[in-house]
Amino acid sequence: MLEVRDLQTGYGRIKILDGVNVSVAGGSIVTVLGGNGTGKSTLLKALSGLIPVWDGEILFDGESIANLRPDRIVNRGLIQVTQGKEAYPAMTVEENLMVGAFTRSDKQGIRRDLDKVYDYFPALQERRRQLSGTLSGGEVQMLVIGRGLMANPRMLMLDEPSAALAPQVVLNIFANVYRISQSGVTILLVEQNVRMALLLAGYGYIIRDGRVLIEGPAEELSGDESVKLSYLGGTVASREQMSS
Amino acid sequence: MALLETRMLSKSFGGLRAIQQLEMDVEEGSIHGLIGPNGSGKSTFFNLVTGVYKTDPGSVVRFAGEDITNFEAHEIGRRGVARTFQLLRLFSEMTVLQNLLVGYHTHTKYAAAAPIFRPRSVVRADQEASESMFELLSIIGLAEFADMPAGELSGGQRRLLSLGRAMAMRPKLLMLDEPAAGLSPTNVDVLMGIVLDLKKRYGLTLLIVEHILKVVMDTCDRVTVLDHGQKIGEGAPHEVKDDHAVVEAYLGKEMSDEEVRAAFAKAAR
Amino acid sequence: MEALLGFLIFGVTIGVVYGIVALGISLIYTGLDIVHFAHGEIYMFGAFLGLVFAHQYNVPYWLAILCAMIVTGLLGIVIERVFYRRLTRAGGGYTVAGMGMIICGFGMSVVLQNIAFLIWGADAEPFPVNFGMPYQIGEIFLPKSYVATAVAALVLMGGLHVFLKKTKIGLAVRAVAQNKDIAFLMGINVPLMISLIFGVACAIAAAAGVLIGPMQSVQVEMGYLMLMKAFAAAVVGGFGSLPGAILGGLLVGIFENLGAAYISGSHKDIYAFLLLILVLMFRPQGLFGVEAKVKA
Amino acid sequence: MKMFSRGLVSTALIAGVLVVHTSAVAGTIRIGATMRMISENGQKYGQMVADEFDLINKNGGINGNTIELSLLNDECKSDKGVANANKFIHEQKVHLIIGSTCSSVSLPIVDVTAQARVPQIIPHSTNAKITQKGSAWVFRVPVSGRYYAGVNAKYTGENIGTKIAYICAADAASQNDCDAMQDQMRRQFNAEPAYVAQVQEKEVDFRTHMLKIKSANVDGIMIAALAETMSRALLQSYEAGIGKSVRRIGSSSASNAPVPKIAGDAVLGVFYTAAYAAADKRPIAQLFNQMVRDKYGIHAPDHDFSQAYDLVRIVEIALHRANLNLSDGSLAADRTAIRDAIASVDGYRGLASGPISFCAAPTPQCRDGNKTPVLIHYTKGGEEFETEVLARVPMPINFGLE
């Protein structure tokens, strides 16, 4: 569904990604792992059209979307869910969700998806009239995922949904991501939380210094000693791992 | 004896109560960890102690027995409190040595006009400064890069430099804001080794905010856990680790891979 | 007592006008991340255009306001597309590009003033509108033009509120104002929205110009003082906050009239800034502003 | 039609005072004029001055010599005016400086011309201090402010009352008018101001003041401000509910056309003193009005125009009389000759309401040429405004100099 070939990009004159290849099959969950500053978020920005692609190709459904304007990419059903801190704090929960549905005009469909989001995240329904700035970290993360769903995506790209959240909340959010994928939405998950991401995803990439270092099925990667050694980070669900 | 004490420390932003009546003692010569989920008030605590934010009425911050509540940041710095930043905030155009000297000169007392006239005392002070800065550079392993612009250092080296710059202020209390974030485990070990070395050599007291629990558990003598601006647990690392409230709010229950997978499957049904 | 009421009425009528200009400044600030120093001239252009419609084409006053709003709004969009967009692309805020933005605003102000001078000359033009006899409540005279100004300003604010809060485009505008990248990721055509924001801000400034025309006549240099007051209003209310802009305008208007009445009328314009300093001393983020550095 | 009427005016004015002088070698008389030419009126009356000198050249010049006029805009800013004067004196080596329109500009130029020993003749500045500096090189065609205030105060105190509120704008001319009026009210009627408001030069909102003035129950309001500011104040005085029974007194700029245009009906009954009234019934005045209306599209010329016109005529007379060499070496001598010639103009009768006379001594008595203010009030507002002359008041030569 998504093919990234030899992607090169960066900010200003500084090159961040130096030839990244990633492939995501329709209906699957794929994770991209790496520590801080390895280029994970840059990859998502390039895919969403927020920064220009210097070289290489991005194909979505076989068509090139490299250097398209972000709103055009959204219109094709490729939606990025930003990090939790990037909700609109001065808007209510429901207004945030409605921004997600901006490109749509099917009132009934929007209504139905709104109910669906509230079904995934009941906490949001309780707080639908609250300003999103008053939500807890976990709730805001749920909100931005819900906002992505409101765009009726065919593929969701999530940027570190576990960042800085308590393990209990991470579990809840990952479970919901699994549920979303089961409903037919393809998922690209960018994470630092290696253990949880590999438990959720079917296939994983590990990037470092702007290149893919290792890739493979999630089961294989979680068994890989070098992965365990070098790329831990983020909050940890298991204290065994923490002290290992 | 407690080097840093807070009593009834509170801070709100509009309606948001970032720190609520926090009472905390950092013992002199200890390594004190401060942990908690994001938004629990750790950074606010740092900013209150270092004078970046003004506290709410009723709060008291004491350093080495002196009430320093709401002192200006530079006065607090002069008394011996230094910190590092999550975002390093180095002067990237300056050389490594110059970065350290900036920290050092905030500590020295001679008048601003003096460097222009350069009396002998100043020249001597400058020599001393360079010498002690080189000593510091060699401890943090950056001596060979002294004349390189800070912007050209690698990520790990920059973090070391930010540590060195804080040390250049000759602090009694060094506050580290997520020193290990984004470092590989090997580099974390190197960094913490240097921190412990510095502590021993200069008789530091350390206050560390860190997300990577291993760091906290391995190095700290005492840990305070914050949640929503309140202290929910405090004690030796192993005590905190088993504290029920801390587990609920922050650490989470232990789960095996199978249990996690089962939780996913249950959600999808 | 009657006098006090009179001062309050004056304060409110001028205050609502400060408020709607401040509203535009705030809107541009939130939407484009620039402090628009040429907004006083936009307001002046609006006033002249209103005069042209009302007196050259004999359009009824209310319609003249609307026409001036539309034309000025379009003018604003052209300015934004042709000049400001190139600069915002380079980044704003406290960068060199941000400085460039500010200078560009000043430059635009000079350019617009000179264009207006070439078209309409330096003389003040009267903007007579016959509203009929003033209302009289006891000893207080309340000219209908004041009531009209207040009503029009309220309608504008209400309209803007409904537009921003109840319409889909309004939601998109707010999204763009709060975070452009995310708005883009939600499929919103951000450049279009920015043009719209700028156009709307210019249109309401034009309305303010036409509303104040009958009170103060219309002149090429009228923008400067209004800009200063509107800035004061925007900052008092909390820069970037829309309800704050309105409230700030009212406060500035009332405060300066009461100051002129009970302290000294000689240097009325300093009261706006006195208020500004007072507010900033006790509430640096302005009355409705959000504290900039909320990070727990 | 245009040419005819203009020619007629010129002839009417020059007749009787023309003194033929045998000229030396044909040369160029250089004149520099710096004036406020920012408003529409200002530009037009600058144009008129240029046109009038052109016409003199076309009619044969001055004793065979041609006048070369250099006309600069000082925007009523003293720094620009002084720069213009220095340019005239040192670069262009002019024989005579005309200017400026604004007292604040004329005043510093007086020092410049006194030092450089260049004659300066002022078309429109009323500040009494201009001629009190004691410069032997300065002449004033308009009526000095010291006379205006006296006439205004006399009329006000005798016909309206002594309880007067003042709104004084911060520009120099208005400040001056305001102070002088208050001073005269004290001297003549022992009356203190009932209310004084200092406002900014371009104040737009006077309503608070008006409300306070209203509650002070005054007999009259003096509004001393530049034309546009004054018009707004007039309008807002009615908005605040101050009735017609309270008379509005204008400062010198009340004569400027924007006042009735902007203020509309609010200008009715406003009275002021000036050097010239368009309502003047004399044939000269009627012809002049006609000429300005036809040629410059000004509905009724104010005294800016009349004084500029009188100035050109006086300069013409003086230049005819002066014995000019006009060679490179004679610049200083020619300047002195022109000064002495202007000082010898006595009993000139033109558009001004009374005769204009100068004399040699460097005193206000000698150099404030026109001593006859005219008291005028508006009888109709708008673009097609109308005025009526209330009185012509010749003043004693020493008035206001104690």
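All chains are identified by letter, namely A, B, C and D, in their written order; residue positions are counted from 1 within each chain.
Throughout what follows, contacts are C-beta pairs under 8 Å (C-beta built on N, C-alpha and C of every residue); 3 or more make two chains touch, one makes a residue touch a chain.
Worth saying up front: this structure is predicted, and the values here are computed from it rather than measured.
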Remaining touching clusters (ignoring chain C, no chains moved): A, B | D
item	value
Most centrally placed chain, judged by C-alpha centres	C
Separation of mean Cα positions, chain D and chain B [Å, integer]	76
Between chain A and chain D, centroid-to-centroid distance (C-alpha), Å	78
Centre distance in Å when chain B and chain C are each reduced to the mean of their C-alpha atoms	46
Centre-to-centre distance between chain C and chain A (centres being mean Cα positions), rounded to whole Å	41
Chain A, residues touching no fewer than two other chains	none
Multi-chain contact sites of chain C, meaning residues that touch two or more partners	290
Shared-contact residues (touching 2 or more other chains) in chain B	39
Of chain D, residues touching chain C in the complex	38-41, 197-200, 202-205, 207-209, 211-212, 215, 227-228, 231-232, 235-236, 239-241, 258, 261-264
For the chain A and chain B complex, residues of the former touching the latter	35-37, 134, 136-137, 163-168, 170-171, 174-176, 178-179, 182, 196, 199-200, 229-240, 242-243
Contact footprint of chain D on chain C as seen in their complex	3, 6-7, 10, 14, 121-126, 128, 134, 140-141, 143, 145-146, 215-217, 219, 221-222, 225, 257, 260-261, 265-269
Touching residues (chain side chain A, partner chain C) in the complex	48-50, 69-71, 74-75, 79-80, 82, 86, 88-91, 95, 98-100, 102-103, 147, 151
Touch list for chain C against partner chain A, complex	168, 171-172, 174-175, 178-179, 181-190, 290
